[in-house]
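Chain nomenclature is as follows: A, B, C and D, assigned in order of appearance, with residue numbering initiated at 1 for each chain independently.
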Amino acid sequence: MTASDYLCAALLIIGGLFFMAGTFGLLRFPDVFTRLHALTKADNVGLGLTVAGLALQAESWAVAGKLLLIWLLVLLAGASVSHLIAQGALQRGMRPWKR
Amino acid sequence: MDIPWAVMLIVLPLAAGLMAFVWPRVAQTLVLCCSLAIALAVAGLALQLWHHGVFHHALGGWEAPLGIGLYADGLSLVLLTATALVGMGVSVYASAYFTLDDAHHFWPIWLFLLAALNALFLSADLFNLYVTLELMGLAAVALTALSGGRDALAGAVRYLFATLSGSLAYLLGVALLYHAFGSVDMATLAGRMTPVPAAWAALGLMSAGLLLKTALFPLHFWLPPAHASAPSPVSAVLSALVIKASFYILLRLWIMLFGPFAGDGVAALLGGMGTAAIVWGSVQALRQTRLKLLVAYSTVAQIGYLFLAFPLAAAAWNAAAVLVLSHALAKSAMFLAAGNLLHFGGHDRIADLDRVVQRLPLSAFAFALAGVSLMGLPPSGGFIGKWLLLEAALAQGRWDLAAVMLLGGLLAAAYVFKVLGHAFTQAAVTHEPTAVPARMEWAALLLACSAILLGFTATPLLSLLEIGAPFGGSGP
Amino acid sequence: MSAAFFYALAGAGLFSIGLHALLAHRHLLRKILAINVMGSGVFLVLAAMATRNGIAIPDPVPHAMIITGIVVAVAATALALVLMLKLTAETGQAVLPGRKKEDNP
Amino acid sequence: METLIAGAIDVALALAVVGLAWGALASADLFKAIVLFVAFGLVMALVWVRLNAPDVALAEAAIGAGVTGALLLAAYAKLRAASPDANVARAGGMRGIGSISIRILILLLAAALGCAVWTLPSDYAGLGKEVAANIDRSGVSNPVTAVLLNFRGYDTLLEVMVLLLALMGTWSVGATAPQRETAPGPVLDSLSRLLAPLLILVAAYLLWVGAHAPGGAFQAGAVLAAAGVMLLLSGWRLPAALAALPLRLALAAGPATFLLLAVITVLLEGRLLQLPPLWAGRLILIIETTATISIGATLIALFLGAPPGKEDRQ
């Protein structure tokens, strides 16, 4: 295995940890706003690391470019949809959780 | 030059359906022309089959098992004839029945239904049959719900779940057959079938799905509400053609694939269900107070006759095919006539029919003629079918089946006369009738007459059925 | 090779679960979901067994059949949903009404 | 090691699929059931990838989970508006002996199915070889597209008719209560402005790439529909001038082109849908392009429920 293979594996594993943390937050956090927080933050970074890891293994720049595009699209969609969910929750009278 | 009549039977209604969808204003003219063209194409196909034997068409130029085959023999021809005749009658009837808005929705779906039926009767490919089943089922459900209202919607929803689950059971059977024997072409499969567990499972799943769609007792629960609450021309098509389509597939599967290894036990089971259907459906029909429900339960009973053929096997297939055609003609006439009475009086309570014999003689006459065929009295088509069936039963010493047939005939007479009796008497409360367009009366009457005339064409009909020897007889 | 059989068993399971839900539930939306699960079960049997000889060159014919099936399923689902909504508008409930008394004397 | 990991993934995916289906069908909350069902569809897409069926995976993600999910959620919103207590479905209508006997029957069925599947021969006699032997004459190099548009093109012709028929049926049933209109807000507005053109581009790519790689008309049509649904959600409506004939033409264009080609081939080549090998690639592209437009339009119209211009006339 080369150095880039090790780097790739490390990125994928750290990305996976972020996904797990996000999932854990989704399951354990008390209300919709904190869950969204956990989910989007962790998934954006987790996916970013995964994409970075995979890009190292990509056969060509075009493939790497597609991977980057996927990440950007998910960032955009994730941020917008989270905003819409939070907005909808507020409109239905849900208040953010306070300890 | 060989004209591909069979291909026209599929392409014409599809094209007309698309045009009727895009330009609703010309839809009615299109439908009437198209149903006439379908009848001509069926006649052309009949001549072609008569002279050249079975029709085979490799779609896309790819022979089975890679491609899909179209195939027509005597049995397909009988079903196509039923579709063409009932299709013409219903098209004429519907052109006077619907309001303008409903008609705009009705015509394209109706044309797609005709295309689906024709495609189904011509398909030689099990997966393609699934697609045609779905096209037919969704069209039938949409038409059932067309007039709206609580009963029709509930009937349509119940029908939808029955037809979808039936299709999926059928498709799972197809999947098992494909993975066991490597083809979905019926003829290819017929050469490869062995009684492995997958074949038995496919037999169970496909039969169950198709029996549900055919509404054989005790899987008939969805039929009466759907057929009774649909608009009358739709009821006619559902009872006359749609349930026959799944029966046709079942018959083909049984003869070509499953019959040779399934044996007598399964056949006896189907015959038993048929017996129960005749008794239960007739008794229920007799108990109904609403005319369309009575006719719908009569369908449940008449389906039973078709399944009496299974324990009698090869000797009775002809009888089943003739019964399919005669019931299609008689039952569509009966539903159209019932629709006229409903339209005329604004209700279909049997007890309040109020002298319709004098006031609506053509429709009452059509109902009576159709009843003659359902009872199996000579010289109707129903008589020929039931006579052939009786003959087969007696030849094999099946007195029990013969007794059931006679009982069913008596019960049919009872429920037909129950209606006709009230048609002569004056109701307690007379009501203001609505005029019935002449086209609606004549459509019902002509279909009823053709159900009777069928009795006089028994000889050519039986020799047409021999084409391609779908029943493995001694045909050419 | 064993994965093919394993997925096919899961497909048979999905079909059975869906059929059970179709029969047991009264709510129409639930029945529509059940039909879709049954369909997915059939598709899974079709695709899984196509990989029996190893995953490298699967048979494309079942795949084409499944795509056809998925499109038919979405068409049926759309029609079922609109019928359900219309029936709910008529009766106030998204369940099949029982038979009326006058139909069954 | 690798086969072990692959096996573990397969087991996890199969269990997840069955578990999600169970959850979707058993959960008391209807909204939760729909969300679980969409999740089920997405995991199914992963299963298709594992089974080396990327075309199916795309179709499942786009149509099975995507479009179906959108249809289900839209119907759910309308259902809640129509009857507020519709959310929690009362648990099954069957109790006692009926319920028990159904369970026994289902278990017997599952056992029989399992037995039938398990005893299938493990050497496989599918049609893969026939497809491979004839693919050079099909006009495309993606075998699934070759089957869908050439070898079994007739199925696909009927299938696009099924989709259009569902729309005819939907329109004939009539409009239901219109959806509650909310102001789209700046975020949804700008998101759809950004994504809609991109989605159209993706649809075109999927359509074009389908000839030699996973993709094709149905997947592309579903992506096109996603763009349309997004525009609908952010308040866009079809201009009244286009609502009648032009819309119907767009809906029928795909099926009509397909059918017209079928008629031409039967006249010129003698067989319905017999595509001459020299022309097959181009003809398939024509069929798929028009089909994509019609499939997209049909799916959007199914999402809307009523023909444009009629949804307000309740």
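The rule we apply is simple: a residue touches a chain if its C-beta (ideal position, glycine included) is under 8 Å from a C-beta of that chain, and two chains touch if they have at least 3 such contacts.
Remember, predicted model here, so these are calculated numbers, not experimental data.
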Result of counting contacting C-beta pairs for B-D and C-D, higher pair: C-D
Centre-to-centre distance between subunit B and subunit A (centres being mean Cα positions), rounded to whole Å: 57
Approximate Å spacing (C-alpha centroids) for the pair subunit C, subunit D: 13
Geometric centre distance via CA averages, subunit D-subunit B, whole Å: 31
What whole-Å value do you get for the distance between subunit A and subunit D if each is reduced to the mean of its CA atoms? 27
At least two other chains touched by the same residue of subunit B: list those residues. 127, 131, 134, 138, 141-142, 145, 148, 172, 176, 178-179
Residues within subunit D bordering two or more other chains: 113, 116-117, 120, 124, 126-127, 131, 151-152, 155, 159, 162, 165-166, 169, 173-174
Contacts with two or more other chains, residues of subunit A listed in rising order: none
Contacting chain pairs, sorted by label, are A-D, B-C, B-D, C-D
Subunit D to subunit B touching residues, read off their complex: 112-113, 115-117, 119-121, 124-127, 130-131, 134, 150-155, 158-159, 161-162, 164-166, 168-169, 171-174, 245, 248-249, 251-252, 255-256, 259, 262-263, 266, 269, 271-275
The subunit B residues in contact with subunit C across the complex are 127, 131, 134, 138, 141-142, 145, 148-151, 153-154, 156-158, 160-161, 164-165, 168, 171-172, 175-176, 178-179, 224-225, 287-290, 293
Touch list for subunit C against partner subunit D, complex: 1-21, 23-27, 29-30, 32-34, 36-37, 40, 43-45, 47-53, 55-68, 70-79, 81-86, 88-89, 92-95
Can you list the residues on subunit D that touch subunit A in the complex? 182, 185, 187-188, 191, 194-195, 198
In the complex with subunit D, residue positions of subunit A that touch it: 73, 76-77, 80, 83-84, 87, 91
